[in-house]
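Each of the next two complexes has subunit A plus one other chain: subunit B in the first, subunit C in the second.
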Partner chain A sequence: MNTLKLSISSCLSAFALLCLLLFSSSAFAQIKVGSGTISGDFSFNGMFYIPDSTIGARDVDSKVRANAWLNLNYTNGGFSAGARYEFYLFPLIDFQDIHYQGHGITNFFADYKNDFIQVTGGYFYEQFGQGLTLRSYEDRNLGIDNSLLGGRVKVTPYKGIQLKGIWGIERHNFNFDYIKRNDYVRGLDAEVALADMIPKLSEKGVTLTIGGSFVSKFEKAEDKMFDIYIDTAKYHAFYNGHAITDFTATDIPDVIKCQGLISSDKIPQNVASWATRLNFGIKGFRLEGEYASKVNDPNLSNDYIYKRGEALLMSASYSMKGLGVSASFLRADNMDFRSQRDATPAYAALTLNYIPAINRQYSYQLLGNYSYASQPNGQIGAQAQVNYQIPKKTKIGGRYGTDITVNYARFHDLQKTLVPLSDTIGTITATEGYTSKFFGFGKTLLYQDIGFDITRRFDKHWKLMLMYNYINYNMVLQGKPGTINGNHVGFELTYKINDIHALRLENQYLFIPKKNNLEEKEKGSWIYLLLEYSISPKWFITVSDQWHAGNKSKLHYPNAAVAFVHNTTRIALNFGKTRAGILCVGGVCRTVPASFGLGLSVTTTF
Partner chain B sequence: MKKTFLLLIAISILTFSFAQEKPKATLPSVDVKTLDGKVFNTKNIENDGKPILVSLWATWCKPCVAELMAINDVYEEWQEETGVVLYAISIDDTKTAAKVAPFVNGKGWDFIVLQDINWDFKRAMNVVDVPFLCLLNGNGEIIWSHTSYAPGSEKEVFELIKKIEK
Partner chain C sequence: MKKLTLLLTTLLLLSQACNKIDTTQELFRTIGEVEVTPYDPEYAKTVIQKIYVEEFTGHRCVYCPAGARELKDIMAEDPAIILTAIHCSSLADPLSTPPFDRNYKTPMGNIIEYDFNIKGLPKATINRMEVKTNEWGFDRNKWRSVIAGIDRKNVKAGIQLQCHVDEGTQEIAASVAVTIIKDLPNPVQICLVLQQDAFISGQVDNGVPIPDYEHNHVLRAGLNGNYGTKLTPNGLVNTHYKYATTCKIAYGNSFPYSNLPIEISNCSIVAYLIDMVTKEVVQVEQFEL
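Our next item is the complex of A and B:
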């Protein structure tokens, strides 16, 4: 009971501050101090939880929970500084599940820049190229903040050349005990816009940028004991392979469990990763690519093997007015790269690089529930997309034109051949774990999506979007058996009553065939319905329901929400149920538990 | 807990005490990229003394795309009447960044499109969620900002642009 009181009082304090700020921001917005300005943002996401065993919404100890944060930035000419306060003392349950708990000043920085140099001290975010070697970023909805605490220097010695150097310790959720940390990261990046330097190229309309990066992480090594399972008949490990320098077996049945040891001198303390990239364009054609490689990096996510990691991301596109065609290819092998080798693979925390999922990102509920999650340690696949507009003011295109998108994506695991540990049980040396063919597709289909959508505005009032998709989503991505082989059809109809009032109706069906080996609670088709009424520009009223119609449970996940927007402030109240599943942004996913309750969200920029 | 609360209060009082004057903030100086992959600093966003719209959006954000489609339908008219230009700054990250150019062209948009791949501009602008639209006057001063999109709100935007002209 005490915790409940405490959680209510603390959430209320955060809310009180919010009200104060709202008042101050609406009164003064973007505050001038001397010749500089103060700006910032504030957010509050609170929820009152109601247990509901039918959907699996658990009975949490503190029913009132909230996440809140405040950013304040000061800017004066080339100088800027800022700080952030984060409040996750009684966090929303999905954030508690990913160890987001605590409060305090979680970010501060000072930065100076002119045309030649930029120097940053404190916490900073940085991405090298496409991010295959380094990307520190934040996504509050996902609960990711891997900012680096340290310093950064960016130099532009000559027009078209940019050099960057960084050193830092990566943020790890709410563990701010940096003195105890045994790890840090350093990196260099260079980018040259060649077309800026070679007039002959730019005269021909060619753009060409090349770049390269080098990132190295240091982590002190200690002797490490861990459990290992050995199949005595085959003399190799159950997992991909283990990097064991010495172990002793106690008995010899078919499968034995024994303790393995990695001695500290066999663990690389410095792990380097490098990448090279290219961006070439002529007229409507564009080619972008980055290839990255990582030296041996035995860690928990790869079962401590000593294999080299590599990743390739290539995209080609052609576009002209009314038409855009693009194709991308991605291969990632053993590229999970983190500040600490024993970081839990299930969470995104302590990740240093970014291996994106390159499938199309849908914002439609039923497809979003089966978003592909990127597999940095092993995936190969491609995506292709065509965007076409049937021209405006034509018979077929109509007055406003008709937009068509066609998309295909397919991802597999890698084709791997295991490398046996050794014939003799005794001293086993470090292993590569497996070998893989560069363009080899593994037998497991992880994800496939083929589909199209058509958007047409008929007149000032009516707009319609129709879509169809066929998806194959391997539930192994959520650690479950079976594959969702679903047909998805949907439409979105907008009726603009006049310049102020509008109605929007969304309807989707996901048909899942009866014959499958899915878990009982995953079986069966889904229906989604949403109706939104908006009074421009301030009010939004939404009701929706997600219905598991094809399942025995016939569960409903209804929701009702009201949102009010005034300039940069948004206040939303919602009441309803959230289904258990995954939330993905950019192929980075986290699990979301089922929940039921009343939520309040307030965000403001000032 | 009390300490936290006091700290929060202190911060807000501090904010209050700084609050002295109405805003005349300008765009921050942040490196973003053009669709050609070249570095472009946002302080170079300009329109010859005429009004500028800056939109933060993403290809995966439905209301963002709806807003830009609605503006695109009347963009010619707006330009003829006020000379306004729209900078559409995409926050698509590496996952979808390569698809921005084909997407924009496929829709036939005439906006100036920039890419903020690691959200440096979004952070410097203190933007929480997209869509985020702001209006700059001829001196590059931000005179209006707005988050989220409801069909029809572009009408209000046009009224504001016309007001600057006067």
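Our next item is the complex of A and C:
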């Protein structure tokens, strides 16, 4: 009860601060201080939780919970400084589950830049290339903030050339005891934009950029103990030869448990990663590629193997009026790169790099529930997409034209051959692990999506979008058995009553065949229905329901929401149920627990 | 020149920012139930070098009692000596009638006698140091001088031994922790044995049969094999680490030599660390049950 009172009073305090800010922000907007300006933003995301055993919404200890933060920035010419206060003392349960809990000044910085140099001290975000070696960023929805506390220098010695150097300690949720940390990161990046240096290239519409980066993390090495489960029947010869008698028996016949040790001198304290990249464009054609490699990095996510990591990300696109074609290829092998080798792989915390998901990202609810989660330690796949607009004022295209998008994506695990030593000793740990052909597709299909959608505006009032997708989603991506092999059909119908009032109806159906090896609660088809009424630009009223119609449970996940927008402030109230699953942004995912309750969200900038 | 210096400095920094580990060797060790922890420097300072003496004897060996008395005297002067009596050879064979009907021989003792080429009793190995090529058994007249000549200051390892007797299950659990104080380049194994004092039976002493002679330090059995077990798969151990494990032995009906019952109050466990290349004993410890 005391916890409940505390959480309510804490959340009310945050809410009071919010009201004060709303008042001050609407009254003052950006604040002038001398020749400088103070700006910022504030966000409050609160919820009152109601337990609901039917959907698995648990009875949380503090029913009133909120995430809130305030950014304040001061800018004066080339100088800027800022700080952020975050209040996650009683966070939304999603965030508590990933240990994103606490409060305090989580970010402060001072930055100066001119045409030649930019110097930053404090917390900063940085990305080298496409992020294969370093991407320090934040995503509040995911609970990710891997900012670096340290220093950064960017130099532009010549037009078209940029050099960057960074040193920092990566933020780890609300653990601010940086003095005790035994890890830090340093990196260099260089990029040359040839088109900026050679006017003839830019005159011909050519863009050409080459770059390279080097990132190294240091973490003090300590002896690493780990459990090994060995099939003694299979590996009898080796272990009998080693005359070790004191293994622990397990429930599985012939399988014994023993412990392994990698001594600290066999653990690399400095782990380096490097990448090279090329961006080339001419008129409507664009080619981008980045290759990254990482030296031996035994860590929890790769079972402490010493294999070199590598990743290749290539994409090509061509666009002209009414047509856009793009294709991408991604291969990532042992590229989970974190500040600490024992960081929990299930959480994004302490991640240094970013291996994106290149498949099409859907905002539609039922497809979004099965978003592909990028697999930095082993994935190979490709994606292709064609966007075509049937011209306006034609018989087929109609008065406003018709947009068609077709896409295909397929991702597999890697084809792996275990190294001989691992076959001798029964574990890949502390070996090179495996070898893998660069273009070898593994047998496990992780994700496949083939789909198309057609969007057409019929007149000033009516607009319709039809979509179809066939997806194969391996539930191993959510740590569960089975594969979703589903047909997804849907439509989105918008009726614009006038310039202010509009209605939008969204309906989706995900058909999942009954015969499959999914968990019982995952079986069966889904239906989703959403109706939105908007009064532009201030009001949005939405009701929706996800219905697990094909499951024995026949569970409903109804939701109702009202949003009000005033200038730069948005206030939203929602009531309803959320199904358990995952939330993904750009291939980075986190689990979402089932929940039911009343939510309030406020964001404002000033 | 400035550019070259900058380039070289950068390359130097980059080379320092990457540790490549050679994976052609096994990087990890399986260690069964051996717990590996950093050592305690304070404990390491207190460790004294102990000396393991294996006395090879037999109840019909004429001069063995004299040898036993010699060793008793040496041990009285030097408490760092730990003794195991291995009854072996035909002179230890039991007779059909008392008082020489006891069999103190063990398979483990026989193997040690054979492996260390013991010929003629009494003999003693001293830390299993070689007397000369392929011979380890010192004659009685050498024991004192050889023991006196051992360098006690070069302590390479310490052994901590704790034992627990479970009368319910009739099991002895010996918890041994080996602290590596100085570099041991060769593979090692820890060996634990059970030995027993105060057996009363016959012994020939200088030609005279003594029917109620007291036999002490008698080897009864090994807890983990004739030469013990490795602390790591390849036997190599790291300096400044402590390797702890537990071995058990049943002393009830399942004890392999139950014709001579175990009297726990007369027993002790001896643990010794063996250099598997030189065969020498690096350190030894004893725990009285």
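Heads up, the rule we're going with is that the second predicted complex is superposed on the first by the 570 of 606 C-alpha atoms of A that agree within 3 Å, B and C clash if a C-alpha of one lies under 4 Å from a C-alpha of the other, contacts with A are read in each partner's own complex, and residues count from 1 in each chain.
We take it that contacts are C-beta pairs under 8 Å (C-beta built on N, C-alpha and C of every residue); 3 or more make two chains touch, one makes a residue touch a chain.
None of these values were measured; they are calculated from a predicted model.
By the touch criterion defined above, A:L163 reaches neither subunit B nor subunit C. Using the contact criterion defined above for the overlaid structures, shared-chain residue A:F606 touches subunit B, although it does not reach subunit C. By the touch criterion defined above, A:F214 lies against subunit C but remains apart from subunit B after alignment on the C-alpha atoms of chain A.
Of the two partner chains placed around the shared chain by superposition, subunit C is the only one that A:E432 touches, whereas subunit B remains out of contact. In the superposition on chain A, contact of A:I50 is made with neither subunit B nor subunit C. The wider contact with subunit A, measured as residues touched, comes from B rather than the other of subunit B and subunit C. In the superposed model, A:N296 makes contact with subunit C only, not with subunit B. Applying the stated contact rule after C-alpha superposition, one finds that A:D41 touches subunit B and leaves subunit C untouched. Legend: residue contacts after superposition of the two complexes on their common chain; A:T494 is shown touching subunit B, with no touch to subunit C.
On subunit A, the patch touched by subunit B and the patch touched by subunit C do not overlap at any residue. The residues of subunit A lying in touch with subunit C in their complex are 186, 188, 214, 216, 218, 223, 225, 228, 230, 239, 242-248, 258-263, 266-272, 295-296, 306, 421, 425, 429-432.
In the complex of the two chains, the subunit B residues touching subunit A come out as 1, 4-5, 7-9, 11-12, 15-16, 18-25, 28-29, 31, 35-39, 59-62, 66, 69, 73, 93-99, 101-108, 117-120, 123-129, 132, 142, 144-148, 150-153, 155-156.
On the subunit C side of its complex with subunit A, the touching residues are 10, 14, 16-21, 23, 26-36, 38, 224-225, 229-230, 232-234, 238, 241, 245-247. Taken together, the subunit A residues at the contact with subunit B in this complex read 6, 9-10, 13-14, 16-17, 20-21, 24, 27-33, 37-41, 43, 70-73, 75, 78, 80, 85, 87, 89, 103, 113, 125-127, 130-131, 135, 137-138, 154, 156, 160, 162, 191, 193, 196, 207, 209, 279, 281, 284, 286, 288, 313, 315, 317-326, 328, 354, 356-358, 361-363, 385-389, 392, 400-401, 403, 405, 457, 494, 496, 498-502, 504, 534-540, 563, 565, 567-570, 586-587, 603-606.
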